[in-house]
C-alpha cells in the first residue's frame, strides 16, 4: 500500500516514536563525512516539490532532505502563479501529470484544505507518495512532528509537561496540530494566551476534553509563561485573513497595552523558567524580539535543524 | 554537426521511427531498478532549462528527462519576468551566456516565433544543442512527437486512420504540428470541428492538399467524432488572444448551444468508437469533462508518460 | 576559521594570483571528459543559492559551478518576492535557517549594501561560507575577480595598462570594484568617460590618489578609447535609480549627440587599438552595438566563461 503523510492523526504514539528513532539515526550520521554517504538510500528516486504557496523554508527543508537521500529533486516555487494553473489546470491533473512523470514522491503545499487528501487519492494507484507540506487551514504534519521531536529531545520525555501557546491560536495550523498531537501523552496541560479574536477554536478544545487534558485561557502573559515547560509562540497568519479590518483588529490586539503578546528579554528573565524551552514555527515577525534569539532556551533554529531530520525520516518511511 | 530540435519538419518518417524505437528502449528500462541505472548515459552533462513563459508540465518533463539521463539541470521558471531580461538582455546574449557556462543543451520556451531557430544559430559554433519547447505561435516539436508516438503505440501503426481535431485549431500549435506531421503517412484523413473564429488555418490546409490528404470541416460534434480513430481535442490558447473581446467570442462559441465543443460521458458513449482514442495536449480547462479521465480510451495522461520517454530520446539523439 | 567571499579588499595581490592559478587548473580540466570528473571535489556539499534580486546570469554561473564541483544546489529565484520574506522574515533568520539546513555555502544576492557582511556574522559560528553575489550598491567580488582574470589572461600581465571606463561609473558596482582592485598593480592608468550625472565617485578617486595612480576624466569617446589597452563599458543601473526623472536625464545623456556613449563598429575601427580588449559585465542594453559581438577584441562572453572558472575556484577556496 502506498504510504502518504497527510495528517498527524495517521500516526499513533508508537509510530511517532519509531519515526523519531529514525530521525535520531539520521542525526548521528549526517555530520560525519563517511556516514553521510550511507544516507543516500534513495538514489535515482524522483521528488517533485510542488508549492502553490510561497514557503521557502519548508521547500528548502524538503528539497535538502530529498537530495541528502540521493533523490532527484524537481520543483516549482510558486505553482499557483507560474504553473499550468494559469491555464486552468486542476490540482488533480497536476498531480496525475507528476505521477506519469515517474515521481516517487510529491511534496505538496496548497492553499485549499483537503487538497493533500485529494492528491493522495489520485496518486494512490500510481504508488506515488504525497507529503502534505501545508494545505490551507488544514494540516502541516511534518511541522507538527518536528515540533514534538524538539520537545522530546529537550526533555527526554513527552509526559508531564505544561505547555503555553500564544499568539494566533485560531489560524495557526502548526499550533493546532501540536496541541492535538500532544494530547496523546500523559499529564500534559495547556495554557492559551491570545487576542480574543484569535482564540483556540472549539474543535481543538473538544479534542482536549475528550482526552481528559487540562487547559485554561490566560488573561496575562505572566499567567501563561510562569511555570510553563514549553512555550510555543506563533505569528499572525496574515495571509489567511480575509479582510483588512480583521488584520487591523489583530494588530491592535497584539501591540496595544505595551505589546502584551511580544516576548522579549524582560519576559524571558522575569517569567520563563530556566529549564523551559521557547519554540516558534518561524518566520518570526515582531512577536519575539531579536535579542531572544541567542537565549539558550530559544529552540526555533533547532526546530529547523530537526525539521530536516524528520523530513528525511518521513521520506524514508514512505519510500523504503 | 550540432544537432538541434527545432521543428517537426527536420525529421523524415524513418528518423521519427528511429526516435520512437529509442523511446521504446527507454520505456523497457525505466521501470526496472537495475536497468534504470543504465539510462544515466549523460552524466556530468549540463542542461539549462530556460522558460520565458510559464509551462510547468513541459519544464518538469524535460528536467526529469535530463536528470534520469544523469545530467545537471539548472533552470529558471519565468525568465521573461525574473531573468536578466528585466535589464534588457537580448535572447541572443542569454543563449550565448548559457553556452559559455558550458551548457551541453538548452531547452528553450519563448513567446516569439522563430526564437528557437535564432538560438540555434548562436549555439551552433559552441556545439550546444537547442531543444525548442515552444516558440510562440511557432512549433513545439517534442509535443508533436509524443502525440504521434502515442497514436503509434495505441494502433501499432500510423496509417489508415481517421483523425478528428476539435477546439481551438487556429492557435493551438500542437494540433497544427500534429496534422502536418501525420500528413506524411498513408491513408490518413482529417475532420476539423471548431468555432468559426478558430478554424484550422490555410497554411495547414494547403499542406494537406499538397500531400493529397482528405479533410473536411464538420458542422456538429457528432459528425466529427463518429467513426474517428483518433480524437485530438484542444483548449483555447487564451494567453495568445490579443483582446478580451475575442476571448469572449470564443467562450460564447464554446459553451453556447449546450456546450457543443465539450466532450463528456454522453459523447464518449454515443459517438466515440470502442477502439478510438481521445487525446489532449493538456492542460484541460472545460473542453473535456473530468468524468472522462478514467475512460480507457482517454490517453492524455499516457501522453504525459510518453512525453518523458520521447524527451529522453531527443536528448540522447542530440548529445550522443 | 570560516572563509567568506565578501569584498575584493579581502585579497592581496598574491592571493588573487593563487585564485587565478586555481581557475587555470580548472580550465585545463573542464573540457576533458575524464579530467572533468576530477573536478567533483565537493560531493554531497550543499549550496544554497539565495537571490533576493533577479540575476539569472550570476545565479546560473554559481549554480553551474557548484554542480560541476559535485554539490547539491538548492535555490530560489526571487527570494524577495516569493520566500518567507513575504511573511516578514528577516535576512538574519533566513541565513540562520539555511545554516541549520546544513548548508556548506550560501550564495547571497541582496538589494541592501552590507547584507553579505551581516550574513557572514550569522553564518560564522556554523562554519558556513557566505559568497556575496552582489549587495545593492556595495560589492560583487566574484565579478571583479573574473574581470581581472580576463585582463590577466588577455595580456599575460596586470601591469602597465591604460584602462578606459565608460558608461554609468557612479552606480556600476563592478566598474567601481575593478578600478579599486587594479590600483594594486604597477603602472596602471585610468580614463573615465560618462555623463556628468554618472561620474566616478570621490571615494574611488581618493583610493586612486592614495595609491598614486594616474587618472583623468575624458570629454570625448575618442579621448577615452584611443591608446587604451582595456576598455570597460557599462550599462546604466536603471534598477538603482530612485526617480524616473533621473533615468530620463541619463538616457538623454547617453543618446544625445549621436549616441556618444555607444560603441559600434565605427568606433572599434577608428579608435580602438588592434590589441586592446573590450569588456562589459553584461547585460548589454544599447551601449555596445550587436555588430561588435564577434569582434575578436570583444571579451564579454569570455568574461562569462571565466566567471564559471573563478566561481569554482572561490567555492574550492572556501570549502576545501
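Going by the order they are written in, the chains are A, B and C; count residues from 1 in each one.
One rule holds for everything that comes next: a residue touches a chain if its C-beta (ideal position, glycine included) is under 8 Å from a C-beta of that chain, and two chains touch if they have at least 3 such contacts.
Owing to the predicted nature of the structure, the values given are computational and were not obtained by experimental measurement.
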| item | value |
| --- | --- |
| Chains touching both subunit A and subunit C, listed by label | B |
| Shared interface numbering between subunit B and subunit A [over half = same, under half = different] | different |
| Cα superposition of subunit B on its sequence copy subunit C - rotation in ° rounded to nearest 5 | 120 |
| Centre-to-centre distance between subunit B and subunit A (centres being mean Cα positions), rounded to whole Å | 40 |
| Per-residue overlap in subunit C, given as positions that touch at least 2 other chains | 77-78 |
| Subunit B residues within the subunit C interface of the complex | 44, 46, 48, 72, 74, 76-79, 82-90, 92-94, 96-98, 100-102 |
| Residues of subunit B that touch subunit A when the two form their complex | 30, 33, 36-37, 54-57, 60-61, 63-64, 67-68, 73, 77-78, 235, 238-239, 282-286, 290, 293, 301-302, 304-305, 308 |
